[in-house]
Amino acid sequence: MAFLKTNNGKVYYEVHGESAKTLMILNGIMMSSASWKPFLTYLVNHVKVVLVDFFDQGKSEYLDADYDQTIQSELVSDIINGLNLKSVTLLGISYGGEVAMNFVTRYPGVIENLILANTTAYTGKQLKAIGVNWIHAASTYDGKKFFSATIPHIYSTGFYESRADWLEAREKMFDQLFDDRWYEGFIRLVRSAETHDERENLKYINVPTLVIGASEDIITPLSCQKEIVENIPDSKFLVIENCGHASMYEKPTEFFSSVIGFVYTAGCTFKI
Amino acid sequence: MAFLKTNNGKVYYEVHGESAKTLMILNGIMMSSASWKPFLTYLVNHVKVVLVDFFDQGKSEYLDADYDQTIQSELVSDIINGLNLKSVTLLGISYGGEVAMNFVTRYPGVIENLILANTTAYTGKQLKAIGVNWIHAASTYDGKKFFSATIPHIYSTGFYESRADWLEAREKMFDQLFDDRWYEGFIRLVRSAETHDERENLKYINVPTLVIGASEDIITPLSCQKEIVENIPDSKFLVIENCGHASMYEKPTEFFSSVIGFVYTAGCTFKI
Amino acid sequence: MAFLKTNNGKVYYEVHGESAKTLMILNGIMMSSASWKPFLTYLVNHVKVVLVDFFDQGKSEYLDADYDQTIQSELVSDIINGLNLKSVTLLGISYGGEVAMNFVTRYPGVIENLILANTTAYTGKQLKAIGVNWIHAASTYDGKKFFSATIPHIYSTGFYESRADWLEAREKMFDQLFDDRWYEGFIRLVRSAETHDERENLKYINVPTLVIGASEDIITPLSCQKEIVENIPDSKFLVIENCGHASMYEKPTEFFSSVIGFVYTAGCTFKI
Amino acid sequence: MAFLKTNNGKVYYEVHGESAKTLMILNGIMMSSASWKPFLTYLVNHVKVVLVDFFDQGKSEYLDADYDQTIQSELVSDIINGLNLKSVTLLGISYGGEVAMNFVTRYPGVIENLILANTTAYTGKQLKAIGVNWIHAASTYDGKKFFSATIPHIYSTGFYESRADWLEAREKMFDQLFDDRWYEGFIRLVRSAETHDERENLKYINVPTLVIGASEDIITPLSCQKEIVENIPDSKFLVIENCGHASMYEKPTEFFSSVIGFVYTAGCTFKI
């Protein structure tokens, strides 16, 4: 709906709803603010939703040179300040979860709760190698090859088997949307995650945190979520079964039950 | 707070809050309506809470002879009718989950959503054998022996290791509460579950259902929850990690995030 | 060491050792008989080892047209007959396991025991999509791109993290070995697996069978191994923890302990 | 077959077979040397088997006072010295595995390989509480109550469901075998494990080690096996699926394939 001018470039954002509680959502690497559209009608019943496109994503500025994820943290900070957001639950999925960890470490005391879904505290050698392959695939500028290199690892076996039609429709839709600029932005986004390593900073994260994992996530497997849970002091952990990396698409009811449930429950202390 | 006279005996129930959405909670076998007290202040912000003691439990009637779980289903039906409850989400944990499956099968069309936590569709030979042991333990009328036979299998290894003080305090509290009548009621409750087998009926359950499992539940392990999920058509599945059978005590934030999240999300259809 | 002329083309095979028990090994899709060299000194202490290259693999004939896996089953049959092999334990890993299932179904009564490692009874839609991606990668005839598209999904996260040196050395070695003929053979091999579906035939397999799975195998995940175990009547199941798809390389001691242990144990009946 | 007089009392042992490799087996707490009888014909084809009854077990001396597991380590040492055993693989299951860890720590340089099955490096608070319950049950001197308190947690759900006949027969057999002396010995054995804690010593164990876990072991769950594997430097790990604590009875083929396979493979170095 609107743009915010920042030192690093203009940032596209959307605000939906008027709740006192704010849910700010940070996208995965292949997503944009538009990806959350199917869930907005539901979400605004519970929270003010703030969507945002990262640099090199959606309608935000496409950059000229490489960077690391701290530039996206600045973007998050600029939006929170620019819109004067209060009582923020920050939800990051995958790449967005990496930025969320980066942000809470660099900007402590700003948000109220944190939700990390299908993400990792560290770009390990295997994940880096997967990124290199994604860069190869994006460099073809060929939708068929790009999807073939990425999608089979993002969804679970069961979802693939039962929802092949949906995956095909999605492939076609994306093929039309993705132009050269998109692929080049995607490559810079992948590169910006290569040095991601917040493992040593997790223990200082001092907001109530929910970690959402998926049993068949092979991009950021459960072991990654467990590492986060074991190191963030006040962290909770829910696992979505029979689900791959794109959990909000594969299992939206489980995903949003967890998210909205946590928004309402995070601050409660139960004296049992 | 109040009693309802039914054909099978008087039933104790409590109603808290005034929401349009009702959450009716069915207890586990060693619990009572009093067990949910630490969570009421939180719950009433979101739902009208209806608590109820089963026959042979808490302040409801203690019966003279053996019975099976259909008598508890009648109790649930009598409460729903007697209080004219509408828009009910029925949440059953363990024994309460067994009764919930029994109820939705025998009284279709009454409730809106179902939440089954740490339960099983069938009392298998192993669970029956555990029940026999619990009956042996209850027959001693000796709190120390009773807790020794039951508690170590109800909580997870990690909870036992870190919360030994809480478990000890709980043991003392229970030892004072449990009199001969309690132990005899407990024995009849165990017996009433021996013939529980709703496996063939699951496929007819046609309300949105959330199944909550716990990764270290050894009374009703994840395989039991999976059987339920695979057979109830519109079922969702969340797993609480590092958690034993008494999930609402071990991981209250995860448990109630899932429950309240589902109450708000169950009816939504996401067009992705 | 030698070639056997068959109706479908010449087949390369090796025989090592002189034990009365024969272990015939069927390779994964990127392997060849040479892949087992590091283990031969060990293996010949326990079994006569028969290695064989599939069509379009190693030193066997490269074919002109597409085919399905039954041609590889014929190859297995031709070798067993041609060498007059007796008391055969057939060990197939990945693609080799698929052929092994195909073979025991089409040639019943020939082998004594079956070992299936990191394999699947069925090429599902996701695995087919991964195959399509591998074909894209092979079509570049570019080693770097080919390895980038395949290797990150074949080894476990932990192996990747700790053995990056070994993986790099391997990449260089392969890059020299793989010529156009290799890539074209590889593509036909991938295609030959696309129609693989032995699910309905598993129940007729009547030889003692060991299934070896790996906890972090994402090409043929544990759910695939479980399906095999649940359907082959006399099947046993061992899982190698912290291990990806190439289990004999990641965890050779666990892999060969299981294999050689089973060769010695499969026929035993324990009257407990 | 024979007794060895030691400073702590006489020890019953059996030697079977004449292989150059020795497999010395340390029993679980409810077992004795007689428990391995069904497997001897098989085992002697591969190893010289040395069976031994711990103090307060089988035909070894029953003691007058409490002790800890180091007394059982001395027993192991006395047998190895007394029989002049060479090239020993020490296999300990459950309590026997605990003693095995105690032994290799206190008597380094004696054995060649170590196999730890369904055991733990530490008697945690939950396991201690289970032990207290077992002591309560043994104190009744009543077979029915004793089995009811112990057996349901030792076997897996699936085994219970499918092999109820075997479990019943076993209960009857045990009921005849177990006299007052047995129950009193059992109680002292349970007590001797209460202070078991070898966690800090695992990193010094410098023999090739195989850890065997079972997916449904709820007495010493997989987390216990993982702790051992992560801390013993040269350790391998195999998991038997769909199997409870008594893995050699539930899944003998998997168990002995792993054991004998490891005896043959442990010393091999594979240059991959």
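Quick notes on this structure:
Per-chain residue numbering starts at 1, and chain names A, B, C and D are given in the order in which the chains are listed.
Everything below uses one rule, namely that contacts are C-beta pairs under 8 Å (C-beta built on N, C-alpha and C of every residue); 3 or more make two chains touch, one makes a residue touch a chain.
Keep in mind the model is a prediction, meaning the values are calculated, not measured.
Counting hops only between chains that touch, subunit A reaches subunit D in a minimum of 2. Measuring from the averaged C-alpha position of subunit B to that of subunit C gives a distance of 48 Å.
Chain centres here are Cα means. That of subunit C falls 36 Å from that of subunit D.
Chain contacts: subunit B has no residue touching two or more partner chains. Taken as a graph of touching chains, this assembly is arranged as a ring, one closed cycle with exactly two partners per chain. Chains that are in contact with each other form these pairs: A-B, A-C, B-D, C-D.
For subunit B in complex with subunit A, the residues that touch the partner chain are 38-39, 42, 45-46, 166, 208, 210, 215, 226, 229, 236-242, 249, 251-254, 256-262, 264-266, 268, 270-272.
Residues 124-126, 129-130, 132-133, 136-137, 145, 148-149, 151-153, 155-157, 160-161, 164, 216, 218, 221, 223 of subunit D are the ones that touch subunit B when the two sit in their complex.
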